[in-house]
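Everything on this sheet refers to the single structure shown next.
Chains here go by letter, A, B, C and D, matching the order in which they are written, and residues are numbered from 1 within each.
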Amino acid sequence: MIDFSYTVLILLIPLVVFVVVGLFGNRFKPIVSGLVGTTGLFIGWVLSIFTAYNYFFVSGKGAEGAFVKVLAFSMRWLNLTDKLHIDMGVLLDPISVMMLIVITTVSFMVHLYSIGYMAGEKGFSRFFATLSLFSFSMLGLVVATNIFQMYIFWELVGVSSYLLIGFYYTKDSAVAASKKAFIVTRFADLGFLIGILMLSYATGTFDFIKLTAPDSPALTSGQGVWFLGLSTMTWSMIFIFMGGAGKSAMFPLHIWLPDAMEGPTPVSALIHAATMVVAGVYLVARLFPIYHMNAVALDVVMYVGAFSSIFAAVVACTQYDIKRVLAYSTMSQIGMMMFALGVSGYGGEEGLGFMASMFHLFTHAFFKALLFLGAGAIIHAVHSNVMQDMGGLRKHMPITHATFLIACLAIAGIPPLSGFFSKDEILAAGHMKSMFLFIVELTVSGLTAFYMFRLYYNIFWGKNTHYHHTPHEAPLTMTLPLMILALGALFAGLVPFASLVTSDGMPFETHIELGVAIPAVLAGLIGITIATLMYRKETNVPERIFNTLGGFSKAAFNKFYIDEVYLFITKKILFNYVSRPVAWFDRHIVDGAMNGMAYVTNEASDRVKKLQSGQVQQYALVFVSGALLLALLFIYLWTN
Amino acid sequence: MFEGVPLTWFLITGTIMFFVGIYGFLVRKNLITMLMSIELILNSVNINFVAFNKILYPGHLEGMFFTIFIIAVAAAEASVAIAIIINIYRRLVNIDVEKMNEMKY
Amino acid sequence: MSILTLFIIIPVLTIIGILFSKNHMQVKWVSVIGMSLQLISALALIFLYLAERRAGNMAEILFVQDNLWYESLNIHFYIGVDGVSVAMIGLTALVVFAGIFASWDIVDLPREFFTSLILLASGVFGFFISLDLFTMFLFYELAVIPMYLLIGIWGSGPRHYSAMKLTLMLMGGSAFILLGLLGIYFNSAPSGGPLTFDLIKISKEHIPIAAQNFLFPFLFVGFGVLGAMFPFHTWSPDGHASAPTAVSMLHAGVLMKLGGYGCYRVAVFLLPEGAHYWGWLFLILATIGVIYGAFGAIWQKDLKYINAYSSVSHCALVLFAILMFNQTAINGAIMQMISHGIMTALFFALIGMIYGRTHTRYINEMGGLMKVMPFLAVAYVIAGLASLGLPGFSGFVAEMTIFVGSFQHPDTFHRVCTIIAASSIVVTAVYVLRVVGVLLLGKIKNEAFETLPDAKWHDRMSVVALIAGITIIGSAPLWLSDMINGGLGPIVQKLLAAAPAIMP
Amino acid sequence: MTTNQLMFAIFAAVIIIFSILTVTSRRILRAATFLLFVLVATGGMYFLLRFNFLAAIQLTLYAGGIVVLIIFSILLTSHIGEKLEAPSVKKIIPAFIAAGFGAALCILTIVQHPFPQEVISSSERTDIRVIAKALISTEKFGYALPFEVISILLLAAMVGAIILAKKRKD
């Protein structure tokens, strides 16, 4: 067994970078902060690859040929009860190692890219400090040894996302978006927390190794019917999934994601495409053995995933802001991952969905990050987010164009690019579970191809827009990451995932099922064809179709008015009908009662003090009358 | 009964004088007339003292001594009171008790 | 003489020093030196305490000193500490230290100001180290009274009203406490023997249950008033809004903790059956307080009001956790007191500094301060994040300990209350981010603010000391949690003995 | 009707009538004069009861001293011809009720009380030597202490009156 304790460095380096750059960043030249951050991540990247190599190919396997969970490092952080305690540590198993690779790769690319993209921005070193903080939190999240450590880093991820979305803090829309992202995910995290509390109450442990072991207490305790016909454990899993749904922008907690595009584009690439938003998927995968035992909870995951994927795909077809299209696309893809987890069984071939989900997570990270970074390069060149301002860019930005095309093909699921393989596995897993959902996902697949190529044609083909100054290709620091990620998007699908990352660690064989693969590729091709017809040249077809669909397309364009519903609930109900009355109640009733007591005392004393008139004769009268009454009382009335 | 005059008569005289004094104290506005009312009250008490002394305890002198002391105290009181009244008059140019409510509340 | 006596002597010497100093600067420096010494002795106390424990000294109370004070009523000057009080002393020393720096700009009557401030502090220190109910009450009053002067003289806004309200409400609480304490005193020797105020001795006795049930509400409400228990919290917003910076800091940071500490140390510790008998009622009030304070804060526009309501919410969580009657939750309560103490002191310090520059506390009149005063703004963001329970800061540790501990309660009612209380973290996020968004981010609304200066050195001292406090506790909480846990043994045993049926 | 009874009746009538006039007269100097009559009649009562020394004191101190003092102060503070304004009905009614009620109560009590009825006809006058000795005696029925106390009181009153009435510099 190799000692894996060096993996803690992968976490610590970004933390140190964050502290150093955060505290002293203003004293350096901006570029120094950038270089320090990038170097830190580069070391982390190298270490992660080294770890992955060691884990997968040298010493990860246990006696039975399955990958085991390795506790690389652990340290007591806080004692709670005699059974419950929070540890900080590093847990290595296939999914966490896979995530390490994904995160360090994308993060490193984004760091590199940002040196060019953010050059000259005010707050350059603040940006890099926060990126490092994010990387640290995200890495801590994936290697968490227990669910509470995960929750801790989960929150940290949330706050670094808040800081990064609100990077342009003088822009009101960015501030609002960051606030929205934080509060929505925070609300979801409340569910996560309640889930953790219920889980820990039932099982008496936070530890992942104990929780997911075959003799896990989670499988035996908390099974009795508790509420609405479901067991405590099922409820706790549903609540935990709520946390995951919040971070992963699943319907109906997705509303923050499109707005989060207010952040700088590299941030969107890192956080809102490849890493943070898949945390929910990762969370479900992490607790998968328990989910597997609670069928209702897993069904919830499946339906929410499936609905989110189709919902987002429909909305994506109507958006004009290129980053929003990508955001909805992300939501749709993550929905597919959730769906895959939801349909999956546990162990060996049964766990195909699990494997597919992780596989798609892996490949998606590459091509989605690539798409975002490409979009960033375009925005950098055009100074606009909106499709209408673009067109014919393929001549001006050849590298961006080529890499973007690769990514579009990959996400559309065209073989032999990476997206094809992972999506195929998802569809195969769905096919095993339910025909209806399989068709839904097939539709999503086609829609994905359609809106991606709609995007592609609108940016790089279509009308020949006249620009104020000719757009030019991005500098090398930006194109280099594009090219590296394009390689990933091309070849990531060739990784033999089924033999590396599976639900129970046992490798199994997969093969491409033609009955699934052919419809999938066809759906993609149909989508691409329609997009080509509609958008390659500037026509009025899209507008006509948009108008034909009438109310539906309008609703889709307005994101089905979910935002408005939320706004109604928060602004109207919470602010006006809860908070305002509470404030009023406090000032007038509670405080009024206190002031009322004071007022009554005051008033009474005011009345009484009138007796103190200063008129000696009045006093004397009272005195005499009193004395006489007493005399009367004592002499005649008390004569017994 | 003292040589034909019952004790009760003295007491009734004293009582009437006392309450007339009380009445005067309660209604008169001028400080000096209030002072006079007080003198009435003191004197009525003196009458009671001496009457009790003579009729109920003929061999003793306590009542008389009390009266003497009361007279002394009354003298002291009157002198101080008049000093105060004159002082008040100097400040306020009147000695109407109703207008003196500086110390109310 | 034990080291604890220092905590009384140093303030007294400092006050004497202040009285003899010649000008403003000397007054300030004497205060700084005195309170730095106090902070150093507090840190020394923490180390000594941990060393003693490590050396295996398992006595319930350490550093005991016991002098007979007034024989005929059996009143002692009896001091000593356990893990809980050591932690509270550390908190107080830190907040007072920061408070001195935060009131550097006091112009009117600095001598009297610092004297009152330190007098208040010495009352708090005395309260935390006392083990005799009578001296405890004495120090409690000593801490409350200077507050009236501090707000009434150096306050702002409707300061006379606020000072009067605050003092009257707290005095009302004191009256309840006095009743309760006397009740305990007269029941302190149920099996015969001399009556005593000695807390430890009483805790070994068993006060008759009827008396406990009768006395518990008095003590809990009495201390609860100071702990901002719903519905007796309304002095807090007005009082804080009118108080000068350092006073708000001390008051919210330390003085309100006297309430929580008293509930824990006197009410629950000495009257465990009474606590079980009344627990549900106060638990409901505390749960309401948690949510209510948070919602109340959303609508406010004055920074100090926002923070005062947030304090109501956070302090209600302290009472909430104490009423859970288990070790983890009470541990969380103590940590929450410490965490909230530092955090809210930081908030008030920052609000004071911002107010000192912009001369308004209405968030709508400000905006974009991040650009003008980055240091203060970043510190405010940190304080805000700590307040909404971000991991890495103390608030998270405390809240999570409370929630996990409370949720271990076997009774469903208590667990439901926990879930309700936990939902306050979302509401907290709403108002914290709202303030941060409106106040610090966005564009500068008032052009006059563009030239405002950032923090000066003394502001930085104060802010950095407090931020260091919350981050150290937040990132390495184990030592603190274990230290507090060490002190909780007796109370948990008493509670267990009081109601074996419903404890896990 | 014996002489004593007649004398008593006269004195009592003077006392009652003039005391009522004292508190009702609206000319203040007259009121003082009526008071003088009352005091003299009181002195008469003392004579009647054979307290000659007391009567002498009454006449000199009260009638001679205090009334003169009062008249002086009246002269200092009021105009001679000035008529005092009548007290308001609001004050008279409660005061009258209180006084009337009190008088009725007291008289009723006095009348009902069974005082001893034996006749005392000791017309002996108290010897002034006895009084003098009692005043400085420290034995039982001696009044040395009250005598000293009262003298201090008088001294204090004198000093006080002087200080109060003195014109202030400010």
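Definition applied: a residue touches a chain if its C-beta (ideal position, glycine included) is under 8 Å from a C-beta of that chain, and two chains touch if they have at least 3 such contacts.
This one's a predicted model, so the numbers in the text were calculated from it and none came from an experiment.
Q: Among the chains, which one keeps its Cα centre farthest from the Cα centre of chain C?
A: Computed centres place D farthest from chain C.
Q: Kindly work out which chain lies most centrally, taking the average of its C-alpha atoms as its position.
A: C
Q: State, to the nearest whole Å, the distance from the C-alpha centre of chain B to the C-alpha centre of chain C.
A: Chain B and chain C have C-alpha centres separated by 65 Å.
Q: At what distance in angstrom does the C-alpha mean of chain D lie from that of chain A?
A: 103
Q: Whole-Å distance, chain A centre to chain B centre, using C-alpha means?
A: 97
Q: Would you kindly tell me how far, in whole Å, the mean C-alpha position of chain D lies from that of chain C?
A: 71
Q: Send over the residues of chain D in touch with two or more other chains.
A: If we look for residues of chain D contacting two or more partner chains, we find 91, 94-95, 98-99, 102.
Q: By residue number and range, which residues of chain B touch two or more other chains?
A: 22, 26-27 - these are the residues of chain B that touch more than one other chain.
Q: For chain C, jot down the residues that touch at least 2 other chains.
A: none
Q: Which chains touch, pair by pair?
A: Chains touch in the following pairs: A-B, A-C, A-D, B-D.
Q: Would you mind writing out the residues of chain D in touch with chain B in their complex?
A: 2, 4-5, 8, 11-12, 15-16, 19-20, 22-24, 28, 31-32, 35, 38-39, 42, 45-46, 48-51, 53-54, 57-58, 61-62, 65-66, 69-70, 72-74, 76-78, 84-85, 87, 91-92, 94-96, 98-100, 102-103, 106-107, 110-111, 115-123, 126, 130-131, 134-135, 141, 143, 146, 150, 153-154, 156-158, 160-162, 164-165
Q: Which chain B residues qualify as touching chain A in the complex?
A: Where chain B meets chain A, its residues are 22, 25-27, 97-98, 100-105.
Q: Tell me, which parts of chain A touch chain D in their complex?
A: Listed in rising order, the residues are 617, 621, 624-625, 628, 631-632, 635.
Q: Sort out for me which residues of chain A touch chain B in the complex.
A: Listed in rising order, the residues of chain A that touch chain B are 609, 612-617, 620-621, 624.
Q: Provide the residue numbers of chain D that touch chain A in the complex, in ascending order.
A: Residue positions touching the partner: 91, 94-95, 98-99, 101-102, 105, 109.
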